[in-house]
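All chains are identified by letter, namely A, B and C, in their written order; residue positions are counted from 1 within each chain.
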Amino acid sequence: MITLEKVSFTYRSGQRALQEIDLNLEGGDFIAIMGENGAGKTTLAKHLNGLLKPSQGRVLVDGEDTRKVSVARLSRKVGLVFQNPDHLLFSETVKDEVAFGLKNFGFAPEVVHNQVMRTLEALGLSEYAETSPFLLSGGERKRVALAAILATEPDYLILDEPTIGQDYQQKERLRNFILQLYSQGKAVVMITHDVEFVAESNPKVILLSQGRIVAQGPADSVLSKDELVKKASLVRPQMSRLFGELTKYGLPSDVVDVHRARILLEEKLSEAKVRVAQNS
Amino acid sequence: MSLRTLEGFKFSTLKTPVHLLDPRTKFLLVIAVLVPALLFANIYVMIALLLSQVPLLFVGKVARRWALSLRAGVFLSALIFVVNLFTGSYLSAIALTLRFLVLLTSFSLFFMTTSPDDLGLALDRIGAVRWLSRRWLGYPNALSFTFTTAVRLVPTLAVDAQTVVDAQRSRGLELDKGNLLKRVRNYIPILIPLLLIAIRRSLELAEALESRGFPGKEGRTSLFQLKLRPVDYSIIAVSLAIIGISFWVYFHYKIPVL
Amino acid sequence: MAHAPREIILAKNLGFQYVGARRAAIEGIDLSIRENEFILLTGPSGCGKTSLCRCLNGLIPNFYQGEWTGELLVDGLSVTTQLTSELSRRVGYVFQNPENQLFALTVEKDIAFGPENLGLSREEIRQRVDEAMNVTGTLPLKDLAPYELSGGQQQRVALAGVLAMKPSVIVLDEPTSFLDPRTAEEVMRATDDLRRELGLTIVVVEHRLDLVARYAERIVVMDAGKIVADGDLEETLDEKFDLLEGLGVGVPRVSLLWTMLRRDGLVSGKVPTHVESAASSLAGMMNQ
């Protein structure tokens, strides 16, 4: 379990980036941290594996205070995938890239090899094992970066803006992969401002604005509240805006994903159809 | 520590009287500090030079950041002091350490209060620079432009460097672990991404430049022009006087350390 | 009778293969764009959107080397015979990453950068810079450094810098990827305002259709270097929905919902492209 207790953080420049954040994270959790550009999302992520230490309050990872443990040791449990793969890819081949973390953590060579192959397989990257990561497309590089972290099998996986610049198909693949991970009992945290992506994945949402948590709860209830969503410089998902217009027909207002919308409307429209048939 | 030293040389977009001085004026002012500081290894001269810059630091609102760069410079100062202690008297060690601080202050004051854009404009005014630039790079503004772009990229690349370090530490990299060779090798995962990012940024920048019509034809114009105001003329006069007097004194008298 | 709007971009069988690439990035592109159109260009990653945009302002073939085929006219000029600096007066380009397209150390100087390259007089530059700052709302930022701005502000400054060149076309290549949704909407709205007020032609590359569906009349869809759909946005969403979904284009969620309901036989009529039209159609049906 990762616990944040009243965590505040101020950069050396004097910029206050986090204020009194309380948060719990455990296996099987699936959380989306959302908020405007500059809300403090990346700063928060860097607290989870000890890259940044709180100015006030504390962060406990499985009971250990991040101030007292090395980043390397925390990173075995907490995998942090950075937004831009260019910031971490450096190896000659994809295989070496994925092996880097495992070697740093001191795994035996045959374990490293097996683990690398398994991870590449899981992410559909096997055919690129011997390719240079720099010859791959942007989407593929993002997947290599993800593989590099996943290979060490962290219990907590933190993804910083995984959907940026991705097309719809790439996002779908990512979503399926995330769902698979958290059904295996891992804790997955994704940082994003992609409301439609969150609406369809249905995680627990934490809204961050100007360094504070302004709301948390299930995606459908948080993302359908106009005031909250505005505060974090987001927009409501299309389904929520649609159902907001339709409440007077007895439809709920907290609908955010297409599938639930479809079921609700099928019912309503069938009723209307029957009415029309009876009347004529 | 290296990043923090840089802070003391980074330009800030303020509009204080010091910022508004013409870059040529400020450059001459740096020379006017440099000349006596290098000609005389005298403790009083150094203290006077140091103190004379303090008001400028405050008027320019950069005193706090100057203090930061000083803090980072403490180590070097100590080094200079110790080395000179072995080669000379403790008085000259003090004088030389003070000289280092005077130079540090004067350069950092210049860079903190002079927009690289203005510096570029000033460079463009120098015929020799335009001529060289055309000979080497094909058009007259190229050198000054390269300079301003490099300055402009420093803060961005500093952020990149921090992010790369963070990203690799998150993969279990421990920079200060192992013997000397291992430690040097530890920097490979930092340097390669950073180099590639710098190249990528330059390429994207070049593409954007091209899209904005750069370099244009011969007659590139400029919205802003450097202009010497009365304050500039008076500071230039004072600076020239200091430089002149310094040389005169240097050739006629021998100034002791204390 | 009203004038038919002038054709501003005309591509005939346009193709390009980068040096060293195994296959053409774009091929057989036929495209005609009229003045004052707002076009949404979309398609899966790597399908050639950026490459097509690069052709429009001459980055291809002036900046990127490779093999060019076919013909491309911009404002009556053949791209292959013009320098980028000449084309940059006609086609402005806003890039995805706001950080890498601002050069100067203040917003005002950055906006002046293009007109300075054109060698205009100081008065003319002054006037263009002021106008560009006014219409993009960047006037209050004029003395700030680019790295002191938020992403949305940076993109608006980039727009202003392009506007100061007085182009007839502005190409925006995934301009909102790094922005939060509200800021992204603001940038798109600002872009549309420019089209209305200044009569500009706009080409936007975007994966999230819902963000631009409100403004774009026309959609051009690419796949593997070719144009696979081109037409009125609403009609294309209506008639070629399956094609778009199959390609993995991020169709607006309301359109997807409508298509599902239509397959169930519960609704009929055209696929809506934004929330308001979907809401009013559904309300109409439930009122019966």
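In this text, a contact is a pair of C-beta atoms (placed from the backbone, for glycine too) under 8 Å apart; a residue touches a chain by one contact, two chains touch by 3 or more.
From a predicted model like this one, the values you see are computed outputs, not experimental measurements.
**Q** Work through the pairs of chains, note which ones touch, and then classify the graph as line, ring, star, complete or other.
**A** complete
**Q** Per the definition at the top, count C-beta pairs in contact and tell me whether A-B or A-C has more.
**A** Spelling it out, more C-beta pairs touch across A-C than across the other pair.
**Q** Between chain B and chain C, what is the separation of their C-alpha centroids in Å?
**A** Comparing mean C-alpha positions, chain C is 41 Å from chain B.
**Q** How many angstrom lie between the CA centroids of chain A and chain B, rounded to a whole number?
**A** 42
**Q** Just how far, in Å, is the C-alpha centre of chain C from the one of chain A?
**A** 29
**Q** Where in chain B do residues touch two or more of the other chains?
**A** In chain B, no residue touches at least two other chains, as defined above.
**Q** Hey, which residues of chain B end up touching chain C in the complex?
**A** 11, 13, 15, 115-117, 148-149, 151-152, 155-156, 201, 204-225
**Q** Quick one: which bits of chain C touch chain A in the complex? Just the residue numbers, please.
**A** 44-46, 96, 150-152, 174, 177-183, 185, 207-208, 210, 248-250, 252-254, 256-257, 260-261, 264, 266-267, 275-276, 278-279, 282-283, 285-286, 288
**Q** Can you check the complex and tell me which residues of chain C touch chain B?
**A** 57, 59, 62-63, 84-85, 88-89, 92-93, 95, 97, 99-101, 103-106, 108-109, 112-122, 125-126, 129, 143-148, 161-162, 165
**Q** Using the touch definition up top, name the residues of chain A that touch chain B in the complex.
**A** Going through chain A, the ones touching chain B are 46, 49, 51, 70-72, 75-76, 79-80, 82, 84, 86-90, 100-101, 104-105, 134, 148-149, 152.
**Q** Considering only the defined contacts, which chain B positions touch chain A in the complex?
**A** Residue positions touching the partner: 160, 163-164, 166-174, 188-189, 192-193, 196-197, 200.
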